[in-house]
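Pasting the structures here.
Both complexes below contain chain A, partnered by chain B and then by chain C.
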Partner chain A sequence: MKNQANPWLTSNLLVLGLGMLPAALLIAALLYFTAWAFAFSFTDLALVGTKAVDWSWVGFQNFERLFTRRGFLESLWTTVIFVFFSALVGQSVLGFLLAATLRGTASRLKSVIEVCIMLGWLLPDIVAAFLWSATTSQTGLINAIFVRPFGLPPINFINDYALPIVIIANIWKGTAWSYLLFSAALDSVSREVVEAAKVDGATPFQRIWLVQLPIIRPHIATNMLFITIWTFTYFPLIYAMTGGGPGRQTETLAVFLYNQSFARGNLGFGSAISVAMLVIVGLLSLVYLRMLREPK
Partner chain B sequence: MESNATTSRLTAIALSFMAVIWVSPFSWLILNAFNPMSTGQLEIPKSIGLDNFALAVSGNAGRQFLNSLLIAAGTATLSVVVGISAAYPLSRLRIPGRNAFLWTLVLLRMLPSAGVLVPLYFAAQRGGLLNQFGVIIALTILNLPFTLLLLKNFFDTVPIELEEAAYVEGATLFQIVTRIVLPMSRAGIAVVWFFSFTGAWNEFLLPLIFSRVQDGFPMSVGLYAAFGQQGAINYGFLTAFSIIYAAPAVGVYFLLRRNMNTGFAGVGVKG
Partner chain C sequence: MADVSLRGVRKSYGSLEVVHGVDLDIKSGEFVVFVGPSGCGKSTLLRMIAGLEPISGGEISIEGRVVNDIPSPQRGISMVFQSYALYPHMSVYENMAFGLKLAKTPKAEVDQRVREAARILQIEDYLDRMPKALSGGQRQRVAIGRAIVRNPKVFLFDEPLSNLDASLRAQTRIEIAKLHDTLDATMIYVTHDQVEAMTLADRIVVLNAGRIEQVGSPLELYRNPINTFVAGFIASQRMNFLPVTVEGDRLVLPGGKSVASNHPQRGNARTLGIRPEHLVLATPETAQFSGTLSVIEQFGEYALAYVEMPNGDLMTVKLDGAPDLELHQAIHVGLPRDHIHLFDEAGRALR
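Entry: the complex of A and B
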């Protein structure tokens, strides 16, 4: 690659080294914080009160609590449902369908749709939460169009169907990312291949399913993994819409972590939840590393 | 041929329908924001006015806007400066352990902020940084693996021959970096800056934990606090406030759109 004998570099090694110093320190801090999260998970540290100063080591007690008390396993299951339906089924499939359909259409319609779905993606999480709370409220848009004209009593969606509404809101918010990625990937498929399939009599469906999809499979895998990890730890939208409720219906792991650590003040137990999340994300990341290293 | 035209027309109709569904939630936001007598209902306003917007830029709301701006611009600028000064040597020098370091970054990039939330809070509390500056530093730390990797990838694409030529002409390291490397990776730097800016502008969790006083709230926390209140909610104010809060992130994207699209493929597909 680059040879070491570049005089403007070798004569300035000190300056270059100093330039790297701030970044190295910050990365070291990040590693240090991660190690700290592990250490905290073996203590009974609290946010306020005597346990905030006078904490002690409690061994694996916090981790036992994860599996023996109610809360963690339910949250994990809620998170799995949330990730599966909003990220994998919703954003990924919808994003791909849009990218595949829009590839051949007139550029005007294409840019209108791109702007529409980008608006959802660019909107700050809290505004999106506010918007969807209003849209699904008893006086909101969905009731005004689909429920009240038929003489039915208005439905309080956010109370009665909390998890599905949160999932829909997240699909609305996140599809643009998958769309952009899949469009870029589909653009990299050469036109000749698709044309050849067309000449051979492949239907549009076959052209997508049998020709384009296998070619962009690495991109699909990467995207799936990325949005799985992001959605797994996604906090603001759900928290601002429901706070984890009603009951614990929408308490995903990130919300559970926040509620335990900062609403109830159990920082030790909260750290154990962090560690569990880090382990799960770490395992997923290892899969990602393997995919990067594999020759495509 | 006939059936082909019909299919494409059907597709166009389906797509337009979808676009309408996609933007329909905004109807409520717009109708209420421009209605001075807003009640939070979905209704056509009897009069249209900008009173709500006047309210949403003054007093407390104005301060929250400035806080958000400080956090977002501070994080983006700090990330880019720290990132550039480390990414250039990383891209050009063959430092021992470089590959191990890069793989560590790829792994750290996936690290969820939730995972280090408690230690971050503790460190900030000890250092007296439970304020906007603490948020800036924390966000920069969390951003850095991604920023570094991306900038290094962009610097890798700058041909080293240009730098050699400049050196022969008598340019110093500083001149080489500022006159050749940075201008040539302008698009990439813009993408990194934009990502850090919008990320910090939208950030909710860290300011929620770090902001002890109402004066320190950025818009995300301010909006959350306001619509979480029970009782008399001023919907006109909140909707106008939401629009102002959303505008910079949306605006910056459309300003940088051309740069973004070149940068995007690299962001998602490769590490």
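Entry: the complex of A and C
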């Protein structure tokens, strides 16, 4: 690519340096914190107490604890379920279905649905968490409408079905992103290509499955990459709804990390968890980046 | 091969009607070109025949069967799109085989038909390539190939050459003409390019603002345009129009000179039309009008001289060879009376 920067900028080193300063500071800060977490994952640093000042190197002990103690593997499994159902199945599929069906319809219904989807996205996590807790609790709206009128005993959904409720809440919260991305992707598919498929005899389902989906495959991979990373590290909604409970039923890695680092004060172990999360997300990203490549 | 007939076909979007009752009969094996300026409804009409656009009124039938409510694939048509509309994720072979596979055609037959079409279009070497690895001309052939393999009764072309460069366009035009000869199929072709219309069509349908202005063979339209619109639209260089007044058997031109006419209806003439290629250079005495040369375009085999009249109008004169003319020199032009077209107040040709 040709360098099209302003010659005044490129010829003046001082200006160039000043212009780069914010970016350089940002990169330095990112590297510093990553290095910090990485370094302290090999220590027994604690938040409070003597270990907060008088910490020592413990080698790979923290990483061994990831696999030998209860907690990490269970949380990893919870996170996998949470990501798979709320992000990949829920947000992606629902977002695509909405984008595909609402596409081309300029009705009032479309605007209403779009506003509803966007509302979930725009609402602060804590407000959303409160809404969902209130709605699904023993005295909540769902019980008031669907359970009590039929003379059944009220069900404490948020307690009895904690993980599914958290997953549904996250689908509701995050579908807007997938919907917007897929809408834009489908708009980029040439109208004539879809019409050609129609003339060729493809049913509406075949037009989506055999023509539109393969064409927007790179967009699907991009979307998967984003929402997987976001959901994998997503913290506020779950923590505010359940705090990881009941028991450890909804303790995803992000919640586990928080509980270990700040509730129990094991900063060293917490750092090891975050390094492990970084590695897992990095590996997942590699898989998606391969999907992004154009087929031969 | 099939007859296509349109009866009072209308199209409206809400309260806006864009095609106002079109009647047309297309014979089996005929090459018909819809031509007209942008927004005249030619593409809409084609898309209604294709089944891509619902019909608001009237009836379209193919091979005697009303197809208004029959979906595209069952109409026996194939369409070639302006943007080629190849499936970008499929190879050339898969692009051409797609429709047949959807119709559950046996594999051996799919293969045979795709290879046959590829042979006709000379794209056998590219069958394994992806569309993005092809040039514009090659993509266009694949799009035509995709249309051929389905063995349609009617081919529909929607401005198929407008994305090609000039030389490729001329070449592909000839190939489409050959293809029509080879396949002997009914073809309906939409274009805004009157050269494509003149060279390809058995019959041209001139459309304007959602109505048919005139239907006829290219030479009929060239020789006897029904109104000033068709006269101005058909042929490479636009016809010149001059306001005239009638005095007995003479038509008086803007400069004051006149030309004799024995046309029985000359009394109604308000506009005189003459094609640039029919105007001739003359001496000041024999000329019907004079002006100054404002622009000259030399093409080598011929030249177009744009002559500015005293009233400011530009007249186009087509001259053979490479005439030696100076800019701003006086030009004297003669009007051969055999080539004069006369139009009445409403722009209708006087016959």
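Note that in this section the second predicted complex is superposed on the first by the 272 of 296 C-alpha atoms of A that agree within 3 Å, B and C clash if a C-alpha of one lies under 4 Å from a C-alpha of the other, contacts with A are read in each partner's own complex, and residues count from 1 in each chain.
Please note the rule applied: a contact is a pair of C-beta atoms (placed from the backbone, for glycine too) under 8 Å apart; a residue touches a chain by one contact, two chains touch by 3 or more.
Bear in mind the structure is a predicted one, so any value in this text is a computation, not a measurement.
Asker: Look at where chain B and chain C land on chain A after superposing the complexes, then choose clash or fit.
Answerer: fit
Asker: Now for A:M224: first (chain B), second (chain C), both, or neither, which partner does it touch?
Answerer: So A:M224 meets neither chain B nor chain C here.
Asker: Which partner chains sit in contact with A:T233 here, chain B, chain C, both or neither? Use first/second/both/neither.
Answerer: A:T233: touches chain B, not chain C.
Asker: Using the superposed model, determine the angle chain B, chain A, chain C defined by their C-alpha centres, to the nearest 10 degrees.
Answerer: Placing chain A at the corner, the angle measures out to 80 degrees.
Asker: When the two structures are overlaid on chain A, which partner does A:V15 contact: first (chain B), second (chain C), both, or neither?
Answerer: first
Asker: Answer with first, second, both or neither: which of chain B and chain C does A:V211 touch in the superposed model?
Answerer: second
Asker: Give the label of whichever partner, chain B or chain C, reaches more residues of chain A.
Answerer: On the superposition, B touches more of the residues of chain A.
Asker: Between chain B and chain C, whom does A:I81 touch in the aligned arrangement: first, second, both, or neither?
Answerer: So A:I81 meets neither chain B nor chain C here.
Asker: Give one of first, second, both or neither to describe whether A:D200 is in contact with chain B, with chain C, with both, or with none.
Answerer: After superposing on A, A:D200 lies in contact with chain C but is clear of chain B.
Asker: For the superposed model, what is the least distance in angstrom between any CA atom of chain B and any CA atom of chain C?
Answerer: Minimum over all C-alpha pairs: 6 Å.
Asker: In their shared complex, at which residues does chain A touch chain C?
Answerer: Within the complex, chain A contacts chain C at residues 190, 192-193, 195-202, 206, 210-211, 214-215, 217, 295.
Asker: Mind pulling up the chain C residues that touch chain A in the complex?
Answerer: 50-52, 72-73, 77-79, 81-83, 85-89, 98-99, 102-103, 146, 150
Asker: Can you tell me which positions in chain A touch chain B when the two form their complex?
Answerer: Its residues touching chain B are 1-2, 4, 6-9, 11-13, 15-17, 19-20, 22-24, 26-27, 29-34, 36-37, 40, 101-102, 104-106, 109, 112-113, 116-120, 122-127, 130-135, 139-141, 144, 172, 177, 180-181, 184-185, 204, 219, 222-223, 226, 229, 232-233, 235-236, 239-240, 253-254, 257-258, 261-262, 267, 270-271, 274-275, 277-278, 281-282, 284-285, 288-289, 292.
Asker: Write out the stretch or stretches of chain B touching chain A in their complex.
Answerer: 7-8, 11-12, 15-16, 18-19, 22-29, 40-42, 82-83, 85-86, 88-90, 92-94, 103-108, 110-123, 140-142, 144-145, 148, 160, 163-164, 167, 171-173, 176, 198, 201-202, 204-205, 209, 219-220, 223-224, 227, 238, 242, 245-246, 249-250, 253, 264-265, 268-271
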